[in-house]
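In what follows, chain A forms one complex with chain B and a second complex with chain C.
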Partner chain A sequence: MSDIKNAILDYIKNEYLEEEDEDDIDFDTPLISGGIVDSFSMVSLKVFLEVTYKIQLPDSKATPEAFDSVNNIYELLNEFNVQ
Partner chain B sequence: MANIGSYESKLNDFSWQIAEKELDYKPGDIINIGEYCTDRICRMGKKDKLALIWKEHSGDIKKYTFDQMRVHANTIAHYLSGLGLQNGDRICLFMDKIPELYFGFLGILKMGGVAQPLFSAFGPESLITRLEDAGTAAIITQKKHLSKVRKIVNDLPSLKNIIVVDYDGKKPLKDGETAFFMEKEEPIENYDIFPAKAETPSVLHYTSGTTGKPKGAQHVHYSLISQYISAKYVLDLNDDDIYWCTADPGWVTGTSYGIIGAWANGVTQCVLDAGFKAQSWYDFIEEHKVTVWYSAPTAIRALMKEGDEIVKEHDLSSLRHLCSVGEPLNAEAVIWSEKVFGLPFHDTFWQTETGSIVISNYPGMKVKPGSMGKPFPGITATIVDLKTHEPIETGVVGLIAIKPGWPAMFRTYWKNEKVYKSKFINGWYICGDRASIDEDGYYWFVGRDDDVINTGGHLVGPFEIESALLEHEAVAESGVIGKPDPVNMEVVKAFITLKAGFEPSDMINLEIMNFIRKKLSPLAMPQEIEFVDSLPKTRSGKIMRRVLKARETGEDIGDISTLENDL
Partner chain C sequence: MAFQDNIRDIFKKELNGIRDDGIFKAERIICAPQSSEIEVEFPAGSGKKNVINMCANNYLGLSSHPDVIKAAHQGLDHRGYGMSSVRFICGTQDIHKELEGKLTKFLGTEDTILFPSCMDANAGVFEAILSDEDIMIADRLVHASIVDGMRLCKAQRDTYKHSNMVHLEEKLKLHQKARLKVIITDGSFSMDGDLAKLDKIVELAEKYGAMVFLDDSHASGFIGKTGRGTQEYCDVVGKIDIITTTLGKALGGASGGCVSGRKEIVELCRQKARPYLFSNTIPPVVVSGAIKVLDIISKTTERRDKLEKNTIFWRKSLTEAGFIIKDGETPIVPVMLFNAKLSQDIAKDLYDDGIYAVGFFFPVVPKGQARIRTQLSAAHDIFHLEKALDAFVKAGKKYDILGKSKKEIIERYGD
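Right after this comes the complex of A and B.
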């Protein structure tokens, strides 16, 4: 469980945070409503999840709510039997 | 009764002098937008009235009166002058939607600088293109964006000052970087504003085109006249309104109507510095009892997707007038807003270059869902033939054209007078958008007349993306188009041929997406990439984007006599 969450968290830190951005983020940090991942960038996060976990996420599931924290994303992945 | 009264009667008795008179301005007077939005409002007896209610994603709220805003803008102006910055210097604002962005904009104008707001999600490549072209002398930013500035500063000899508004002392600042704390600086009660005249440069907004680098649309302080009166007539702003403009001041709506139009009218406005989430947006309207809401079709369609139930869970009865800008507002969105809010969204049309609304739907005027509305009083608009650029008859599709001379019209493209002049043909400013007029005088948008991509209400130039794509090690050639999208109107789609040794894969796809997102901006990131063996080109080697687009949309490819290769 924590391996998957940590992998997602690391990806978000590396890809979406600037080098000087020292704000620490955790599994509950709001990603979309917090402005860390915008609606356009959500697409690349979705592709990352699909490529990494070999799943297809329908657009109806890839909502701002479902992507709003690492914990939410993990719950979404569970629906696709990624554990 | 709406501020505009009857649209038809206003057409007969309107002149820009109405706005000049209301603003106590006479030709030749000093007209500094920074002063008009702060000091003048305080002199009118509103110094203790709230100017800004600001909320960030964490839930923190800050409130500022017009007098506090005036003093903060003075303090910033004084600080900038103290750094040796002078009138005419281009000073970039590169921040999220924090109070320093809004007050910094006004402070720059107060000291005579030219405000150059840039979207804070821009990557280093987008940033350097615009700062280099403008010869920007200073940039005001946050520490979270500092690394992007540091990556490019050595290539920008004009950029002497990097001002960080939230420096926490954890890491040392470098040469040319200074810390400025708006709330902790000694407040400057009285500041001698720069005596700007009508034609004094005020704001430089960059906009993308089909070819070449983005161009800086130069505006002047006299733009205030049409921004003030259009905010009053179209947005119908009144003294007791709580106004929410969702646009980021990195784009023209965020400055013309997210700063100037509202505050020149002395209206309280709200800002939500958070990413999009339907729940947060409705909470925000309910919490602050927003009365006038100016948003964008992309956001409205995203709210539609979230359904009607969430609307019913909120008390949104404070809303009384809704407007939309950025791209054509589809009829379904207008009908939906009437159903769930009991109010239609009023579509407004204008551009970075026009500086203020030029075609719109007005309170009190019948809304035809899907229509752009009618020309603003004082604006002479028509549709001209695609080739001859002469006005054409009702119902025929042509190009939207505006008679030059309205106050907020851009005055040039920065260091690009040749392209500026090319926008004026037969005595008309040619907007570059196709539309037609119906028998009632309503305008109906058809599409862009060029390859510029309108995604989420923002224009993105395909050339800029194609150029950046070529810098990726795997990309041999690329063609970029706008692919129709139900929420964003268009999204960026890239057709790519790979260099020898690289094979199409999901990983390369993701790598290229992230490469562009970080280099340019999330808006420019291809939402879809198609790897192809070859791209359609003219015999001279130019990639034919229109062929790619026609193939994508299933439309007629048209004349392909110049096509070099088969598809």
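Right after this comes the complex of A and C.
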């Protein structure tokens, strides 16, 4: 469980945070509502999840709410039997 | 009547939510032609006030130029008011083709197609030329109209960190198997005023066999030695596959946009781009004005040169006064205040002192990056800018931010 969460967290740090960003993020940090990931660039996260876990996330599932924290994303992956 | 109270309440609730979030937009009523000095009524119903305009996209000061107005009158007299048809039925005049030809020549491309706006050009072009076998890779700060256009297209989407070429290359490698790859960027980014690294982007595109899409709306007419835009500034004229730009900013400021680039892409837009197919194009009066604009700026660089001088003066003056501005060379000069309320308070003080500039904050810009965006024009004279500077310095002293670092401003006002 924590391996998957850590992999997602690492991806988000590399993909969305700049070197000068001081704030650290954890599994509960609000990503979309917290302004770290905007709804447009969220698509990169979707591509990462689909490629890494070999799943297809329909747009109806890839919502800002479902992507709003690492924990939320992990719950979403569970629905696709990624554990 | 179907629009009963319960229905009205749904909309009222949403509007109240926008007000509660502090992002409700109120229109300022301008009671004069667009210029460096305008008469404004704000809030609506209050008295009219003369202000120096620091927030228009009137970069070359051509919005109310007498020769452009004269040409527009002639267009009205000789080609009428409206077309009452889409282009491919009976909505194409000789002057539409003339304007497309002049834009092609000005931008150094193979062909051009007009759209009712650049918003429409961006909304229509991707869907017209790409399929689900293709990938669009966009800079994260591209204009909202590009975001909409990408969402309307079946091709896969990905993004790269703003102007980060290492990240872009990673994405090009990741999507190497796609049939067509398009790198998508603005030329000049409208909120930060920085320029795309177009020479590096072209280099990567050539390395990975990708196409380059450029929205040069905030650059066409004044960036580059002769105003041909970011592609001229970065010395890649002729290497950009798709350029969209607007006639609604520097190029007369009325309305209209275009897709210019490889002839096959332009032709596909004529066949398939929905905003082109299903709406009237630019009216004759605007086409005639735009032709005159291109004639003026093709003949002399006087106006873009004056704009460049104004930009240098304004950036230097603000920096010397102790403000933090976003680095760059464009006439979009964001004065960084970091705190949303501070940006609104200072914008109000400036307006009271006769300077019209707008404060932007989240979600228009990232959290903690609130700012007042100032925009220069060739219609500004140095005395306009000196007056604006006086008002900025007065506000800067009032809020004690001059010479202060980002950290100090955030410590005092929050982010």
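We take it that the second predicted complex is superposed on the first by the 83 of 83 C-alpha atoms of A that agree within 3 Å, B and C clash if a C-alpha of one lies under 4 Å from a C-alpha of the other, contacts with A are read in each partner's own complex, and residues count from 1 in each chain.
Criterion: contacts are C-beta pairs under 8 Å (C-beta built on N, C-alpha and C of every residue); 3 or more make two chains touch, one makes a residue touch a chain.
These numbers come from a predicted model, not from an experiment.
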{"item": "Chain A as common anchor, with chain B and chain C clashing or fitting", "value": "clash"}
{"item": "Which superposed partner A:Glu65 touches (first chain B, second chain C, both, neither)", "value": "first"}
{"item": "Partner chain in contact with A:Glu18 - chain B first, chain C second, else both or neither", "value": "both"}
{"item": "Partner touching more residues of chain A, whether chain B or chain C", "value": "B"}
{"item": "Chain B versus chain C as contact partner of A:Ser33, first or second or both or neither", "value": "first"}
{"item": "First, second, both or neither for A:Ser44, with chain B first and chain C second", "value": "both"}
{"item": "Clash with chain C (superposed arrangement) - responsible stretch of chain B out of 75-83, 147-155, 327-335 or 363-371", "value": "75-83"}
{"item": "Set intersection of chain A contacts, chain C complex versus chain B complex", "value": "15, 18, 34-35, 38, 40-41, 43-44, 47, 51"}
{"item": "Footprint of chain C on chain A - complex, ascending", "value": "15-16, 18, 34-35, 38, 40-41, 43-44, 47, 51"}
{"item": "List of chain B residues in touch with chain A within their complex", "value": "57-58, 96, 121, 143-148, 150, 170-171, 273-280, 302, 455-456, 506-507, 509-510, 513-514, 517-518, 522-523, 525, 527"}
{"item": "Residues of chain A that touch chain B when the two form their complex", "value": "15, 18-23, 30-41, 43-44, 47-48, 50-51, 64-65, 68"}
{"item": "Chain A-touching residues of chain C, taken from the complex the two chains share", "value": "138, 140, 147, 156-159, 161, 174, 362-363, 366-367"}
